[in-house]
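In the two complexes below, chain A is the common chain; its partner is chain B in one and chain C in the other.
Moving on to the complex of A and B:
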């Protein structure tokens, strides 16, 4: 009923067309990592509450207030919950200015997959905003968008993406340490020349060619906070489709910058000083962004504004940033010192001291409780004499009396923590056992090398350890080290994937010794993809071969024979291979002689068989050009030779 | 079907108005003028009257009250919304009474009497259906809108009575009413204006630039210099965001300082307020009364982890400080 679908699709002028295009956004509601495990075993990250409002609501509010009129939300993990939430929210009402489409698929494994899907479905018509589902921001994008459009119209679509950064000195607590970046940029045109993750690096190398880019104002900046908001052109989706080794945004940026001379694409940036933008990528960021929201840095997105239009969520804002919703009852002598948000119908006992805390709805908190930097979600019961410091307590948790939670503890859903126990720093408790198998989730981006020898019948006794959770407690303790390992593996995989395929495609496959690893790497990928992408892979390889000299290519073909053999097994595969070869060679008429040589080598290397080749040759060709191809002298001779060889081999048998 | 279309169109407009209210002031300098808000509220209420389905005055008032509550909840510090809703409700009551044929005073007397004797609510009075009520109400709302348009001009017409030649006038921040007031006087008189800049949003600078264009001698001073300069000032003229029921004001930050300094020097203080700024609210809850915005204007985000920072654009003035009110010349209803 919002009527956006019925927009006229053929306006008179091209400029007018661009002006009238509604601004679109792609929201990736899945972070493709497990930073928030075990909390996200029960609830997707986009729906976790930040100051009692789901994180995805903040992102959608940011998009709507900046003028986006159509949003595509992509979900993978627990997609049904996200869909349900969105359909109940104000964004899916017919009067919403932002039309939200939810697209779910179990096959998304990375940002790259999402963008490839965007390209495949041609969802975006012009520049679009790319954000994650856990971005909290109040930045007004219109100026950056203007600059982006201007750049594209002036330079004929050279600039592919504009990234939004916020100025923020190193060490500022809103900077996520994992996301720290060093950027070399051109001061005048705001073009990014070099982009590097600076996490834990002690030395940085800048390639010299960035300083030859023709400008005379360079800046190397370390004072930038990545807001994870980007203005992308439709080319971005196409670039992801062309290079399916681009999995994350980091890959993409590095890939573009490395290959800039070949492809000519540029990335620009926009730095905002006054707006606020941050992504909740781990629990420390959750703490920081929560407290920033309560201290009104994200104005006008504040708790009492109730921007998500939730029923009964109105709260009052008092001195020292104390927010109280309806139905809150405070016991005698309790102090809400500063930066506190208390959800509706929560009862707080006597003599409590609460500061820098967020408490959800329907909680019951006992007497003499000290809460400092605690994030307590809904329906939590906290008994008397409890001390909580910088911890997250999820829904329905029961904390019995006398418990002390030290810094950075996480109590996931439904956990019970027994009386009189002190949890050491960094304890993570969950009702899910840490070695529990995930039935629905056999993703491989975690590179489960540690689980290679694991067998299903190795079930542990599901008994709660009283030393960990207290005598009446329920829950298992998760080792923090397992959470860190997966992070590193994920990083290694990205770099691994990028380096490998880049070199393969552009330097002629020097890493032939690592072929086995390549196959291991890409087998699962290809198993999940449809056949046509594999065809494209072959096509790309053949393209590069043909572009280089043929002498080199026959050697390369020998080197890569095992890879081809691995994939080309069934007759259908051979046909596909031949079809892609045909496509490649049809583009280059001058190289038809090479086609024969390639076919010959492939036949000799036993990648292709006579039957396959004959079948392909005898297939009716649809276009004139392919008919011409089939009439090529060299090819005809080869086919003749093949037939004779076939006959002779049959005679032998 | 066209009825359903109209209704969704109406709810769309209301929703977008509400979201605009909630988001207003995302950059502190871009606060929407209260006159625009008042005009838009009234236009929206007129549209609601025209398009919503109601049978009698009571139902219409319920609808308007409901919408009014939503609008005031969206941005509690924007009191003009509530004021216009109350005015429209009053219009409906009057038109109803007129349609019934009884005059205003007798009606009131009757209802008081009724209150004493029967003790029931007078709500059942509004249940009668009148065919022309809709047209009358819409016409009256149109009159209200015309009044809104002309209110600033009405105030400016009185300018010559108050400002004499060679006077020094002091003002603070930027008020469109005061600007029009001074510009009108400048056509015939020569005087000097001192503008306090009103940090941190520094709206005083814009006011000064605009006055300069009309060839008025203007000086901008920092807020700290208000007391020092006050001895040389003849009159203080200010605008305000709201006039409260007890005569107090909710005005821009720094007005309280200005008013205290004026009182100390016995300088007359004049407040120019159009009629949509008169509110029946009292300044009861000290705590929750004010609007707080993002602290980045005072101390930028980059300065690191600051524990406490507040920034409020308004301050409250007590009743006793204000001597005179200048509203429109016609008597208030």
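Moving on to the complex of A and C:
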């Protein structure tokens, strides 16, 4: 706890010479989620090209232009690649006004881990900017920074964070439903009173206590886009250390708002109207931000500016936003209609129609190709008579003759498609098999040494399906496109919860031995956190269980028994488990019949004991509905049976 | 005729029973004019020629006899009487006069005193073809001590939450804090249409509404709605966002069809961001005009009554001293006071920041500050009256010293010998015992205990004297 030791002296020091401190930034070059899968299996998200420049370069350019002098880049997934990229970039040249430090660790699992490390290493001296490595922005932070400092000096460091938002009404192009947020703020002081992700909510609920702040004017705003840029005081990192269950910024903001009275910390906001700021959080946003960049909304960060100062990347800008780098050749009769960026040494055949498209370097495109809203990265070969609509085609992909890509297709690295095949909307192809386990990626619980048998099963299936990729194609079809992320309800709440859940369903009990390991390997600190999230897992698991057919669920339950046993040890755990089960069932009235079966199998598997169930049953239920649940015929019979069983066992003794 | 004006003047003034016990609320003098004159004047100023007045028999009689009102108000008053006992709500009253209503209506409450530019409200109604447009203003903080009440306003008062869109005109939400124990809940579809909602508290509803003719029809069909403010307005506000509404039938008239066409063809839109049609296709729209500055009072509490009396004289260019009043030269009447007709003010009397009503007599050596003296009051020599309200025809005996008192109409405060200090309060049956005690405690607070006499005038006109 080296960080703790140095703490008391730090804030005071920061107060004194706040003015002279150079502005620092923490750049998190990891998304801690899988929205870009399977593309990010080969390349970290921060390095994906956006208008032919890596996303992290946009972020660094934004930080530098806003006056940041020292940036800490935190990487986890494929850290070495990011490090390598940065070392080659202009940011690591001696002339760079922004000193970039790269900090890598495999242990970062969330934003919370990063900020706890910031605190432990005492990296920041005063207010700092916190951004992700996939933020594209040209917002002038200085005003917000000034407001932040003013608030801090006036209110004795009550305000710990200023979040930057961009005004964009619903239906605006840069909004995607995933990132919808609803904010209640104090009309005068710009203090955030309520912050909630609005995705998947039908009704928006604002507790009354937020209106008791003494103000008589409040604003409820649904027209804001979170730019994922925040001005934080060093306290933010300390708060993450103190509250080790905070994983995401969402946890932090909501935690702070809920506990405002206890902790006395406030969060403020700054809304920009004319700046551009967006986070490339999924492929839909990738599409939007790319086209915005080409359309020059992020001025002065434009393709022809070559702000990243890469050799040979300079391009010309002509009418209708057509950008061409050096060495581009265009065949006879080909048209670049509008908003087109073509990378160096790319050859385009005859009679092509290209609009709203970005093409990387060294690509070869055949004759009679139609590209609309296509994002084609480097060294891609596209044969004749291909049609592409709103799709992403990664490096080294080969698209053979006569292929048609419909909307929202993704061809990940090195895939070969065709010839003469039409890919339906939302197809995702990758060289990685979808069931191949992502051992080295950002999931802590999975490692490859277990379930070998399972692995063997899967390798048998590893044959390219010509119906999916064409007769000469190479690649596996993934289930759904990430562009269609919007339907995954839970994702917003708990990013890895959902992912883990999917894997649980695939692998059944594979997890439990790992969990043991986790318990032993990590320090108690982290282990506690695992338990904390565990309750949520139980709930989510049960949710799925209920929705599955009963056959499957009892199968799964058997596989899961060790996991449950591992965690449901004390009588209190049983009650917790039952309580969350009740909660789940209360939400789904139609599934009440299943409750008894689940209880029964849990009882038979010796996860739950009579005492626990009886205690839960006899507990005073608070709501009408839960009373109703308890009056369920099947349940009553089960309880009766339990009682009888108990009595008879007593008699036996 | 575009709008028919309806003046609601049948309210009993239940929140200031002290004053309205003998005088009906519409006839309470404010700045030496009956309260009802102010909304009438407001309507006349903007050019109404006729107004339907819904009131009680008593007020009707006064309206027909009051000469001054007759000369002041040139509009044709169509007075409709309702029985006091039936306890009719404002919506009931509208239903009662539905035969008279031919067009859209403008409903005004009789206790509204405002200098609002009324066209602001009506323009909203016209411009957006609204179903409802109403007037609100910032709540006034009454700083003065109110007679008979110690301390400030009751702290537990419930706030009204009013939600408007970003222009501050479209009314999206209205609720009282008391109904919001569970917190505010909005459907996401509403937020999508109006992504930036301002929630304001601390607004005063002026009870001035422009309503579509169809709303009256709706009232005729829905007899359960009794009050405009309590039920009808919240209902309309809510109904803006529901797909089914019974108020509007399909636009049948030619005019409306044309309006519809005009809106479809025009490139005007009420919102930005998405490309859906104006108003998102909603046919029912509520608007509110919120006065940022200017004066707006609803005289429905004692505090508001006192405040209105203080502020109103400044707005009308009447001479502060009525020509028929007799004011001796050796008295001192401040320019911030007004003296009504046929008053007699005697020597060595000083009147500051006060209103003295018609035919009142004020004898020598009286000092009146911050007070409201209604009509026909007699104040004997040597009184000192401060921050008090003296109702009609009261008689204040010699040498009374009153601070923050309220004397009911027709009451007589007996002289209590030389230098007697009298503190009086009036209370009526509606007052609870504690309330009465409350007055008394304020007496002790104000007066020298040795000479203190407390007079409590109760509803049955019996006078209790407490010698402390």
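Quick note on the criterion: the second predicted complex is superposed on the first by the 446 of 653 C-alpha atoms of A that agree within 3 Å, B and C clash if a C-alpha of one lies under 4 Å from a C-alpha of the other, contacts with A are read in each partner's own complex, and residues count from 1 in each chain.
Convention: a contact is a pair of C-beta atoms (placed from the backbone, for glycine too) under 8 Å apart; a residue touches a chain by one contact, two chains touch by 3 or more.
As the structure is a computational prediction, the values presented were derived from the model and not from experiment.
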| item | value |
| --- | --- |
| Chain B versus chain C as contact partner of A:42, first or second or both or neither | neither |
| Contact breadth on chain A, by residue count: chain C or chain B | B |
| Partner chain in contact with A:198 - chain B first, chain C second, else both or neither | second |
| Contacts of A:299 with chain B and chain C, given as first, second, both or neither | first |
| First (chain B), second (chain C), both or neither touched by A:172 | both |
| Chain B versus chain C as contact partner of A:276, first or second or both or neither | first |
| Partner chain in contact with A:307 - chain B first, chain C second, else both or neither | first |
| Which superposed partner A:384 touches (first chain B, second chain C, both, neither) | neither |
| Chain B versus chain C as contact partner of A:583, first or second or both or neither | neither |
| Chain A residues contacted in one complex by chain B, in the other by chain C | 168-169, 172, 223 |
| Residue numbers on chain A that touch chain B, as the complex places them | 1-2, 64-65, 93-97, 138, 140, 166-169, 172-174, 223, 273-274, 276, 295-300, 305-307, 314, 316-321, 338 |
| Chain B - residues contacting chain A, complex | 8, 11-12, 14-16, 19, 22-27, 73, 287-288, 292-296, 300-302, 304-305, 307-310 |
| In the complex, chain A residues that touch chain C | 168-172, 182, 184, 187, 198, 201-208, 211, 216-223 |
| Interface residues, chain C side, partner chain A - complex | 159, 161, 163, 177, 180-188, 191-192, 195-202, 271-275 |
